[in-house]
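Next up: some structures, all given as structure tokens.
Next, two complexes with chain A in common: one pairs it with chain B, the other with chain C.
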Partner chain A sequence: MIMKRLLFPIALIVILVGVQLVCRWTGTLYYLTQMTMSAYYSLVVIGLCVVMGYAGQISLGHAGFFAIGGYLAAALTTRNLLAFQNTFLVKALGSAGLLASGQDIYGANTLVVTPWAACISAVVIAALIAFLIGIPVLKLKGHYLAMATLGFGIIIYRLVLASTYFGGADGISGVSSFQLLPGLTVSGESSARVQNYYIAWGLVCTGMFLLGNLINSRVGRALRAIHGSEKAAESIGVDIARYKLYSFVLSAVFAAVAGVFLTHYNGSIGPSEASVMKSIRYVAIVAVGGMSHLWGALFMSVILNFLSLRGVFGTYDDAVFGAILILIMLFAPEGILKINLGAKFRAVFSRREE
Partner chain B sequence: MTFELFIQYLFAGITYGSIYAIVAIGFNIIYNTTGIINFAQGEFVMLGGMISISFLAFMPLPLAILLAVIITMVAGALIEIIFIRWLEAPSVLRMIIITIGISILIREAALFIWGESVRSLPYFIGNEITTIGIFGARISPQVLWVIGSCCVMVLILNLFFRTTSVGREMRACAANRKAAILCGINTRNMVTLSFVLSAGMGAIAGCMMSPITYSQYDIGTGLAIKGFTVAILGGLGNSGGAVAAGLLLGLIEAFSVSVVPLAFQDAISISILLLILFVRPHGLFGSKEAAGLKAF
Partner chain C sequence: MAFLEVARLSKQFGGLKAVNDVSFAVEKGLVKAVIGPNGAGKTTLFNLISCALAPTSGRVRFNGNELRGKKPHQVAELGLGRTFQNIEMFAGMTALENVMVGRHIRSRSGFFASMLRMPWTRPEERQIRRKSMELLDLLGVADYADVDACSLAFGQQRAVEFARSLAMEPKLLLLDEPAAGLNIYETAEVGRLITKIRDLGITVLLVEHDMSLVMDISDEIVVLSFGETIAEGLPNEIRNDPEVIKVYLGE
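This part shows the complex of A and B:
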């Protein structure tokens, strides 16, 4: 039993180290850049997987939480507070050691929030928004839930696009690197490539560890009971509203963390990260991985994101994800890893009436 | 606000409102026969506009519109037959995801065929600057085309559902699917027909609005979410309510322009959607008891 539970984590770590070593030997270290970005997107996917697969609640607005995290981190660490340095808030932040002064590329003095403080406040704000939005939204079911979360995603997209503080259609660029610990920095420089690969995947492994424990605990069983039947779960004493909300907030935190780190890694963020298509992409990946299958979701997320980031799908990128969604939902709603081809073919060609 | 300006906003509101109402009725027709919300509804409107613009190069305007509507109807039928007809009791989650996938595919196909450029049909009467004076406001005749055609569509649809035998069969299918099967109604064909009908209505609306609002490959999502807002506002499945709610949303949007920047207009109408979903999910005109019986 212990061996079985350790099988996937050990395999993951072996593969990760293996990929890095192979890339090093073959001189293709540039693949690690896409692997790093895939890791951050995978963080969103595994969080969403708990909401969709285990708690059974669809969310078409998760790119919104990713964008909240990424945009807040970007804005706080780039927007110059020097003009407000005499206001009470900025003074208080400064005396708490949360501000860093420096110089921009033109040599002018700047005063910005430190990356750590920005990261924490971005994630806390994303969690808070998820909490406040989640209370009314998660009371809804089916189409209503889908439309409400889609609406939330579009509102975030529109706000980002329309406000000059977040850079409008250009987004925010020139985001500084993020020094986690001395000698451990999230940045897109090619010298820090291997380091960042392990930072990103370290985060994913931590996330998988947390979520893996969660779904095998009392909470996880409660979530699955909710997925099976809300009424039945409620009748045996599961507080369905609370558990749904918890899983929703948790997944928003995952998305926000991913947003913060990827923004520091890329050095920029644009409104496309908040678009509806991104949200749908996350849903597509969770669906391909088999809804209630964390490892499946992670596996498919790495493959699909890596291929997409390498530009394999070319201009058909969105179309590929649309086609994947339809095909998976038509032929293999249990996910691609659990496909039973023979039975599916018989089902397609049989002419049974309902 | 002067009286003329008020009239001007009023007509802008009614124009957009009637387009939203048509999209909402499209949602309702399909929802009534299948219990599905077709997330690709806005794409029918886009297809209608884009196809008619392409045909206009070879033929006169009425023929181009007619052909565009027919092709969109065929597309609607094909979508139903290929993706939905053979599924046995699919879950709501599955249908949501499938129709979202369909809308992405249609949009990407449109992007591939027509590119990103913004196009429009010519004005049916006169040109951009032709206006009619109504109570001192200047209104483009195209606005009257949109409002008029929407009224006619709603009337014809009403007559169709009330007087023809096919219309009555569709209503039977909506009321109780099992009972309809027992009466010898081919419910699967009724579902296909509902897709054809709502695709046709969407396409007509797409052609009528094209000169004013322009057509582009990605207008579908925005229209779909506003159409859905209207459908919920009027009570899901209730077409009379959809017309009233459509006009209401159109007017709110039109008058909100005088208060908030245009960039936030979408955010406002979606906030209305969220508010309605939270406070009155059975709609302004629907009854709570009836809504409780339906499966969302």
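This part shows the complex of A and C:
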């Protein structure tokens, strides 16, 4: 039992280190860049997996939460507050040590929010928005919930596209690196590639640890019970509205954290990150992974995101994910790891993993 | 005051009076049955008592608590459990996990403690598992603990459902047609289960069609017809009540 519980985490760590070493020996370290980005997208996917696969609630707006995290981090750490330096708010932030002065590429003085303060406020605001949206929206079921969350995603997309503060169609670029701890910095510089690969995957491992614990606990069982039968779950004392809401907020926090980190890693964020196609992509990946299968979702997320980021799907990128969603719903609603063909597939892969 | 008190309860769906001015009481420790022909409003009555539906008028008091305006999960926390006519198993969970969900209100670990697997969640988890196994054992389905609950035979699912509602340690259990869809052997088994449940000190209110089962296990019976109470009394009185005979057998 204990062996079984540790099998996947150990396999994951072995693979991660293996990939890094192989890339180093073969001189293909540039693959780590896409692996790092895949890791951040996977963080969104595993959070969404808990909401969709375990609690049984669909969200077609998770790119919105990713964008809230990413855009707030980007805007707060790049928008110059020098013009407002005499206002009470900016003074207060400054004396609390939440602001940093510097120079932009033209040599002009800047005053911006520090990455840590920006990160925390971005995640807290995303959580707050998820909470406020979730209260009314999670009363809906099935198609209605899908449409309402889709609507939310579209609103966020149009807002970032329409607002000059968020850079409109260009998005925000020139986002600084994010020093987590001395010697540990989220940045896209090629010298920091290996470090960032491990930062990203460390975050995913932490996420998997937290969510893995959650689904195997009293709370996880309650979420799965809601999925199984809301009637029975509430008759047994599960506060279904609260559990749905908390799992929704939790997944929004995962998405927002991913948004913050990937934005610092890329040094920029654009409106495509908030687009509906991104949300559908996350849903498609959770579905391919088998809905209520955290490890399946992670596995498929890495593969599909990596291929997508390497440009394998070319200009058909979005079409590929749309097609995947349709095919999965038609032929393997339990995810491709659960069909018989998949069993062989899995056997092949598991041999390689061990 | 009675343990469960249903007072002038009515529920109207559009023009249909599904439950019309129904009053009765259930004393602690008894098994009481609600019987009546199809469409008499029995399941609606259960939905009103468990607050899955809000009544049009009237009230329900349980163990000194007014239930009006409460949500189903709050009613559950007061110690009122229920089962469903078409067994509502939690799909995709094993029989044991189904019962473990039943321990929900008797355990406390929240989101953060669960995610971090705090030290105090582990003894609680062990206790949930042990208690749930005991109940599966009590109901004779311990062998199927690790089987997907939905793949079990109907009778076994019924037993798991009983175990699940017993896991919450209810004071009162509402059983909605516990013998529906069961053969005579399974029905007899359910009869024994209900007696076991009463022997645990749990008050039982059940809706049932199977007359022999009802006559066997009930201490008192209420008869509904077209949403109204037409008789209430001991099994023997009900058996010989001309009004009841008329409703059931025709004139």
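Keep this in mind: the second predicted complex is superposed on the first by the 339 of 354 C-alpha atoms of A that agree within 3 Å, B and C clash if a C-alpha of one lies under 4 Å from a C-alpha of the other, contacts with A are read in each partner's own complex, and residues count from 1 in each chain.
Keep in mind that, in the parts below, contacts are C-beta pairs under 8 Å (C-beta built on N, C-alpha and C of every residue); 3 or more make two chains touch, one makes a residue touch a chain.
It should be emphasised that the depicted structure is a prediction, and the values quoted were computed from it without experimental measurement.
Undergrad: Is A:V19 in contact with chain B, with chain C, with both, or with neither (first, second, both, neither)?
TA: neither
Undergrad: Please name the chain, chain B or chain C, that touches the greater number of residues in chain A.
TA: Per-residue touch count on chain A favours B.
Undergrad: In the superposed arrangement, does A:S292 touch chain B (first), chain C (second), both or neither?
TA: A:S292: touches chain C, not chain B.
Undergrad: Of the two partner chains, chain B (first) and chain C (second), which one does A:C205 touch, if any: first, second, both, or neither?
TA: Once the two structures are laid over each other on A, A:C205 reaches no partner at all.
Undergrad: Mind working out whether A:V219 is in touch with chain B, chain C, both or neither, as first, second, both or neither?
TA: second
Undergrad: For A:A100, using the defined touch cut-off, is the partner it touches chain B, chain C, both, or neither? Pick first, second, both or neither.
TA: neither
Undergrad: Classify the contacts of A:S235 with the two partner chains as first (chain B alone), second (chain C alone), both, or neither.
TA: After superposing on A, A:S235 lies in contact with chain C but is clear of chain B.
Undergrad: Identify the partner contact of A:I303: answer first if only chain B is touched, second if only chain C is, both if each is, neither if none is.
TA: Neither: A:I303 stays clear of chain B and chain C.
Undergrad: Report for A:A148: first if it touches chain B alone, second if chain C alone, otherwise both or neither.
TA: A:A148 sits against chain B, while chain C stays out of touch.
Undergrad: Any idea which chain C residues touch chain A in the complex?
TA: 50, 52, 71-73, 76-77, 81-82, 84, 88-93, 97-98, 100-105, 107, 109-111, 114-117, 121, 124-125, 128, 164-165, 168
Undergrad: Show me the residue ranges of chain A that touch chain B in the complex, using the header's touch definition.
TA: Spelled out, the residues of chain A in touch with chain B are 56, 58, 60, 136-137, 139-144, 146-148, 150-152, 154-155, 158-159, 161-162, 276-277, 280, 283-284, 287, 315-316, 318-319, 321-326, 329-330, 333, 348, 352, 354.
Undergrad: Sort out for me which residues of chain B touch chain A in the complex.
TA: 37, 39, 83, 86-89, 91-94, 96-98, 100-105, 107-109, 112, 221, 225, 228, 232, 261, 263-264, 266-267, 270-271, 273-274, 277-278, 281, 295-296
Undergrad: So in the complex, the part of chain A that touches chain C is made up of which residues?
TA: 210-211, 213-214, 217-222, 224-225, 227-229, 231-240, 246, 250, 292
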